[in-house]
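Each of the next two complexes has subunit A plus one other chain: subunit B in the first, subunit C in the second.
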Partner chain A sequence: MALRKVAVIGAGMTKFVRRALETPKELSWEAARMALESCELTMDDIQATCFGTAPDAFDGVHMNGEYCSDGSGGWGKPYMRSYVGGGTGVFVPIQGWYHIASGLFDVVLVVAEEKMSPYYPHPQAAFMTIFDHTTERPLKPNLLWIFALEMNRYMTTYGIDKKDIARVSVLHKRNAADHPCALLGDADITVEDVLKSETLAWPVQRLDVSPISDGAVALVLAAEHVARRLTDKPVWIEGVGWHLDTTYWTNRDLVYPRYVEYASRMAYDMAGIKEPRKEINIAEPYDPFDYKALHHLEGMQLADRGKAVELYINGTAARDGNMPVCPSGGLLGVGNPIAAAGLMKIADLFWQLRGEAGARQVPGQPKKGIAQAWGDLMQVGTVVIMGR
Partner chain B sequence: MIAKIKEFPGVSLSEKDFTEGKVLFLHDKCKADYAWDTGVGIGTYLAGLKRGVILGSYCSHCRKIVVPPRTVCEWCFNLMDEFVPLKDTGTINTFSLCYVTWDMKRVKEPEIPAVIQLNGASALSSTSVIMGGIMHKLGEVNPRLVRIGMQVQAVWKKPEERQGAITDILYFKPIVKEEEE
Partner chain C sequence: MNERVAIVGVGWGGFKPKTPDLSYKELMHEAAVRAYADAGVDPRKDVDSFVTVAEDFIEGTSIFDEYVPDQIGAALKSVHTITGDGLHGLATAYMLIRTGQFDIVAVEGHSKASNILTLNSITAYAQDPVLNRPLKLNTHFIAGMEMHRYLYESGTSLEQCAGVVVKNRQNALKNPLASYAADLTLTDILAGPSLAWPLGERETSKEVDGAVVMVLASGERALELSEKPVWILGVGWCNDSPSLESREWAGLPYIEEAAQMAYRQAGIRNPWNEIDFAEVDDTYAYKELQSLEALDLCGFGEAGALLAGGAFDPDGEFPVNASGGSLGIGHLLDGTGLMRTLEAALQLRGEAGAHQIEDVEIGLVQSWRGVPTTSGAVAVLSN
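What follows is the complex of A and B.
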């Protein structure tokens, strides 16, 4: 059976904030309404809804998909929440994609929401439950541990300097200064600011980390024959991929994200991309921590192993560089409401490829972009390639 | 179209809005008690720890020894029902110096979590899996002198104090004497 072409035809989002007044369903509705209005559709035109949100522990609500369904547009429709941890934001559009590519539906609403702030006083403690209850939790682990352990392994193996890794945080936060929804945009931040910030779990410092956030993002997807009637600027989902690594994370050599490589290769094959470094115009790797952007760029085959930092040093990654990385501002700058953050990358590629990204528009009429997210116990890679 | 939107939705609150009662909110606690049975693989692992032995599991099909032990080989999906003792020594694969607790309280002396590659387990596989890797903490070491690649040894609780838990190993300490700074 041939797969049908699927386009993104509308997108919307809320501001990303540390603590939102609005509830998860209220945030979802704001983003969904904006997405529908942007392509002049109503809920009557939507045949199915895909919803993404990460751990229930943040909201303290079990079956959060159903709980949010009035705001997310799920009521009275085929509706399902997908969840692959931090990878959810890039997985939920994949779910929407196969709804349409399969021929089952023509128009699908995709909504991703995260409200991390209800967990009091700090959502960090909710992450304790991702560790194995018998072999790891008795050691009182902290979510920062696994990032710090991975970052140390990565930078020590390749001899990468922390002040070069800090360039990632600086570029993304500067880019975010041009994003109207950003929580931590800062046009003047410097590498020294990052290196002087509080050490949380060496080598991870405060400004190496993306902020806890609340927010929502939504997309409208349509089959080709519908998309061509509704817009003259469809942005096609040209490739998708996802992949899972072993759940025994201490058994993984943390130096290289093999699961991101496999997810990316699946997506490149589908999109017919043979030379990603030449064909990809914009990369939106998942960047909850600055070194993760580098790690993921290597998994996505956009840099040699241990060499991704050179894209930042030689200017390739800059917004006016040869392959801008996170021109949106990424999670480090715009914010990290987990599932919404991944979908924000897809929404931003949509706006970039249509030339509608405003102050953060990449020059040169970019044609293809890739977005990637990663999650669960640092083991799942999700990838979407978009083109016009 | 999107570039024309002046103000995106979403109202930001601050901690003050809560402490000064500017917004209504409900504060409550979820009580969630669990008793997890340890199962076959991890149950055997914990019983070994109580005896002062770190056990791995062996796949007779792939001939791999992995730790923590498990009953299913991820590579060939066959039963892994043989448990083999490993050494309680190993190599630091990676470590961190952590200045915050699991619930974000600050501490002066860093905790030193590490992934330790145990001797006796299989080596790095072609799929980048280090079959001897477990998470634990380091102790009896100057945090500034910890290095990836350092050889370490488990420091055990006294036999009568062991409970059959991962904490029966107090921490791992360097085998080689620290070099002077």
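What follows is the complex of A and C.
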């Protein structure tokens, strides 16, 4: 039998901001309800639920997936939570895809939620416990430091100027000014603003980094025969890929994300894409730091190694460019509630490909988009290719 | 799409209350090496995707899926984690293969419970942080409340619950993997200390360390790889309400739903007649009886009498937990579903040794994620 086609038919998302009033399950339900309403379905139509959230430490709840199950529509239904660290947001739709492609279900709800604000004084501390308890934790590493190592390696290897990397942050934050759910959209930000911002761990400065926030995003996925009945504008999940590299990140050359390359190749093969640079109209690489968008574009084979920054210099990456990058505003602009941020990229491709992205709509009726997320110890790549 | 999926390799490591000589990575490695050898596959070349099950707080590491790939041969391969029981992992591998994009998928689940000093305090952190945690509810206390309600509504007796412990720990005498094998009487169990009345300390399974890895393959590949493939006829999983206040306490609607989902796929209409044996949840003794009823093997309130009559003995009408179950083998935390699947697979391959049940064709496996969850999964297997 041929592969069963799976479509996204509805999407919803909450504003990304500090959400002190809502519990994680309430945030999940807010996004789930919007996604259901967008395609005029109710929970009665949903056969199974897939849920994504990053470390339990943020919510401070053991088995956070079980705790959030009612809010995300898992009550009385087959329900599972998948987990690949920061890559989770782009993995949950993959989980939804295999639920339907397996033939077991026709309509599946996909929800990703993250609430980082309860972690006091700062959610960075939750990341202290992601490191190896014997070899790394005694050194008290911090995510900003290890990404500073990676950024430095990337800049040094290719001789890239910080001024050019800052262009990424500027473009994404400017794009986010058009996103109604964005936390840090800024239409007037300049490269100078980024370069003048506080240094956190050289070469990482405050405006090189995406803001922490709370939020949730949800999608409704359907098998082809259902999708065609429910909507005139299904957006197909054409390719999926994910790869996890070795735990020992200190033994790897951090200059190039091979795991993103392998995940992308897996997705391109499935989608039948031979020349991604010609066939992909919109790219949503994971951008928790500005250099990461460049790093990932290279892993996704959308730029030569060390050359991704040229897409920003020559205008290709702009919203009206040849291959817009993060027209949503990305994590740098919309915000980075970990798992929800990844699914935000998928939701935005859904809106872009349907021509429903409002002020951030990419011109030229885009046909294919790719979204990617990254996580764990600079270790996992998750990729979804969508088309109409 | 691949219609059929089979288990073609099984492996295990540990299965001891304490394994100070082995890290969780070494336990996983041991299980993986055995499973790949059993299936005759090379993880670096042949396995298309890997699924692991784990929970951060249990492992003591945030984003624990960082630490899984190397020791199971999965570095720089397609790997993901499900925060569920091993049976959720099995269901995930089953779905991956059925998409047609993957031919061979490995599943891993483990427990390094001996590293955890305060398991009850960790499971208490799974309770609602606003409504329940301030009440400082002990995990076993919640189980005791559930047992009380179950006994009250079903008419099941304390003796019948104790009978589950006697049976399972005696069954374990014939299972070399079992750590808690013992020849006990009903009086021994009932005279034990109370944990959270009516739940007794001796009716509660104890944790063990261990890892289980399984290799699943599409129908075509399974027939090439294995002379004794164990076919997955159906899988089901379901959640009830996560909140203590709004859930069903006497019955297990989520197990009923999960079972019906698996039976539908397997084409099973009368589970008691069509299935030959079962490995089901016995985290607490009463759970075995409650689960058997939810699995539609008998009516609500009937399992206790059937047990007392010997129907669930290894030589009875419908053997249940012939391996010894969690009470006899020990509880492998989220590795438990795979432990039960391992026992069922060995039975269906005729390799269960001294506790082999004669002439088995279809086996049933069921698991529960423990207090305070209402999350369970079911699989129907066949040789």
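Just a few scattered comments:
Heads up, the rule we're going with is that the second predicted complex is superposed on the first by the 385 of 388 C-alpha atoms of A that agree within 3 Å, B and C clash if a C-alpha of one lies under 4 Å from a C-alpha of the other, contacts with A are read in each partner's own complex, and residues count from 1 in each chain.
One rule holds in what follows: a contact is a pair of C-beta atoms (placed from the backbone, for glycine too) under 8 Å apart; a residue touches a chain by one contact, two chains touch by 3 or more.
None of the values given here were measured: they were computed from a predicted structure.
Taken together through their common subunit A, the two structures put subunit B and subunit C side by side without a clash.
Contact with subunit B, but none with subunit C, is seen for A:Thr199 once the two complexes are overlaid on the shared chain. In the overlay built on the shared chain, the residue A:Thr156 is in contact with subunit B alone; subunit C does not reach it. Of the two partner chains, subunit B is the only one touched by A:Thr250; subunit C is not. Using the contact criterion defined above for the overlaid structures, shared-chain residue A:Arg258 touches subunit B and also reaches subunit C.
Of the two partner chains placed by the overlay, only subunit B lies in contact with A:Lys140; subunit C stays clear of it. Of the two partner chains placed by superposition, A:Gly342 touches none, neither subunit B nor subunit C. With both structures placed on the common chain, the touch criterion links A:Trp242 to subunit C but leaves subunit B unconnected.
By the touch criterion defined above, A:Arg4 lies against subunit C but remains apart from subunit B after alignment on the C-alpha atoms of chain A.
Using the contact criterion defined above for the overlaid structures, shared-chain residue A:Gly76 touches subunit C, although it does not reach subunit B. Of all Cα pairs spanning subunit B and subunit C in the superposition, the closest are 5 Å apart. In the superposition on chain A, the residues of subunit A contacting both subunit B and subunit C are 60, 133, 246, 248, 258.
Those residues of subunit A lying in contact with subunit B across their complex are 11, 13-22, 27, 30-31, 34, 38, 60, 120, 122, 124-125, 128, 133-136, 138-142, 144-145, 148-150, 152-153, 156, 180-181, 198-204, 214-215, 246, 248, 250-256, 258, 351, 356-358.
Residues 1-3, 5, 7-15, 23, 27, 30, 34, 36, 38, 42, 45-46, 66, 68, 70, 74, 93-104, 110, 113-115, 124, 127-131, 133-137, 148, 165-167 of subunit B touch subunit A in their complex. Here subunit A touches subunit C in the complex through residues 1-4, 23, 54-57, 59-70, 74-85, 91, 95, 97-99, 101-104, 126-127, 129-130, 132-133, 241-248, 258-259, 262-263, 266, 270, 375-377, 379-380, going by the rule given at the top. Those residues of subunit C lying in contact with subunit A across their complex are 1, 3, 55-58, 60-63, 65-70, 74-84, 88, 91-92, 94-96, 98-101, 122-123, 125-126, 128-130, 236-243, 253-254, 257-258, 261, 265, 369, 372-375.
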